[in-house]
């Protein structure tokens, strides 16, 4: 089995704030990421898939993967406010952990369409919010 | 003369939108950076100063420079929405060029206080909005 | 005046070999870069232009610059063999210095079309052949 | 068990083209990587090995690993055309997946000679063709 | 389960020298890293922990992890000579493998205090001595 | 005129301490860089030279420059303690400014030998002590 990883970038803004908590509790929990008007990041997304090599020496067609990531994620996340522009975050705080979770679900939903065969398999995603805060699923 | 450059980072959000233009004109001009709810970046700021070496082999005291940049810029920009949280951008579109201009002015205003002597001199600032969009003044 | 720099990438192959020299002289001069079947690089190209800020807070329209670089350079260099696919190198050895020179000329030729006004001005280009071999013009 | 990873670089060219397919099929399959005269990359190779620490606090002797990678891989790949200069690719398309496979086999072949003892073990290799196309085995 | 990785930096010096060996044997074993007065590095430390997401969408509180790493490691390693300033290396050669081992133990010792609950778990640390010499535990 | 820049790396240790000052004054001036047993860095050195292109399309012979930098600088700085192993720092505090000054002088001294002709000219050196502390001369 071989693992192929592709790296993508998108710039977006977000605010960490839970409607279930008081303003004070939000501030205590999320600190400066709770500032009322939000802030943003140049996110880096790595998508890793594994499988055997096909007869053409490839784990997967790059164009199929790039197309899936564009359609399922980047096209809606890029240059957007995650809280206000991405439906999943209407009721889910866009921590880097949750952003990774939402991206993973979206890729899983579109996977079969992009890769109709038994392989490759989506193995993991890695999301860099900054160069020092990284989440993997 | 020797040039010293220090590198800083801050994450912030912004939206490119001019109140003097129609919505259509804004969209045509600023493209995806005009999306209504904004987006954000991990900005990298480099501050360069020049001068002769002092008797201790230094162009400038690092702590004095770091303190100035923290007080004049980072403390108000970090984890903030530039349009709504930084006064200069109430009436100035926060393009990377304008963000660099505002940072330069703020550093110039505080310079004499941080560096009372004739040297060093603020030579230039460089602002990376992303790794592929860089502005220098 | 403000300087705007945009960063681009392209992968290409080349071989350093001068038809005016013997095989031995070529090997002595260009060393391993003279290997008969060539090699390649992930080139990084930075294009810097300067000018005053326009009424919209910009030195230049990013789309105009990106379009020029795509048309004049990347579209013909990307995933190509510089010696065989780019006409200028039929009789010019594609050292990193010469590649930078050719890119500069191509940008100058298309400049007026992309930027009809008096500003911005093409200030310099920087070409990274590898992370440790960099040429500027 | 501890994992040690060493990073190496080499610049090479290649062309993705399968002699078993028509020109049209090759173009459809490999896209711009099928351009007739090839292109190239600054490859980054990471070699990871694992084992217990020896009495000197090391998983492995760095010089032994560097020597093996130089002899088995870099000396023949660096500044070369993979299709024409590396025997394995006479009949194997040098996709990044296949390049990783060939490198792995070469390291395995020379392993016992470089590391005669029971440890360390070659755990995996990672090959960056570009910063956004990465293969692991 | 989700993995969170945080990245830290510290500059320190060290010398690879075993008191159990002769000077000649030390030189043969550790090469240039055995030079008598030592040398140094900008170390990069990545700490990875895993666990389920809590009700606030987080694997772990960043401040708790940063505080632990600062107290247990960085505060004593930063701008120090590892051999002379960090007690564990009085009788342990500070190879990158051993530095990683000591860091891991220190984090394990303070873990329960920083994270009193059943999760998250310290999964691994990764230490970059240079960009080409990396150790994981 | 074209500028060629080559990038080199070396790991070394140093301590900022002036024998002309009291221990307290040293601590106040150099802070944590004054810790008694020193610390270290992975220094990055960039050497830039300019000149016209020669008949072979090059500003300078890379091997001549690499050889000069190796002989004049890297061979004596790499894996060394700057204060104790490099003669110039017996009486000169190895701040990054002074390290850059010493490197510049050494390159100037050997220049004529490496480049006997009228060109190229040593234009500047840039020294990264860390990614956020950079000195140019």
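A few remarks follow.
A, B, C, D, E and F are the chain letters, set down in written order, and residue numbers restart from 1 in every chain.
Everything that follows uses one rule, which is that contacts are C-beta pairs under 8 Å (C-beta built on N, C-alpha and C of every residue); 3 or more make two chains touch, one makes a residue touch a chain.
Not measured: the values here are computed from a predicted model.
Touch-path distance (fewest steps) from chain C to chain F is 1. Listing every chain that touches chain E and chain F alike gives an empty result. Among the remaining chains, those touching chain C and also chain E are D, F. Relative to chain A, the most remote chain by averaged C-alpha coordinates is F.
Of all residue numbers used where chain B meets chain C, under half belong to both copies. The two sides are thus made of different residues. Centroid to centroid, with C-alpha atoms defining each point, chain B and chain F lie 29 Å apart.
If you average the CA atoms of chain A and of chain F, the two centres end up 42 Å from each other.
Shared interface positions of chain F, defined as residues touching 2 or more other chains, are 131.
Contacts between chains, counted with the stated touch criterion, involve the pairs A-B, A-D, A-E, B-C, B-F, C-D, C-F, D-E, E-F. Those residues of chain F that touch chain C in the shared complex are 2-8, 46, 53, 56-59, 62-63.
Residue ranges of chain E in contact with chain F, taken from their complex: 9, 11-14, 32-33, 35, 37-42, 78-81, 84-85, 130-131.
The touching residues of chain C, when paired with chain F in their complex, are 18, 29-31, 92-93, 95-98, 100-101, 131-137.
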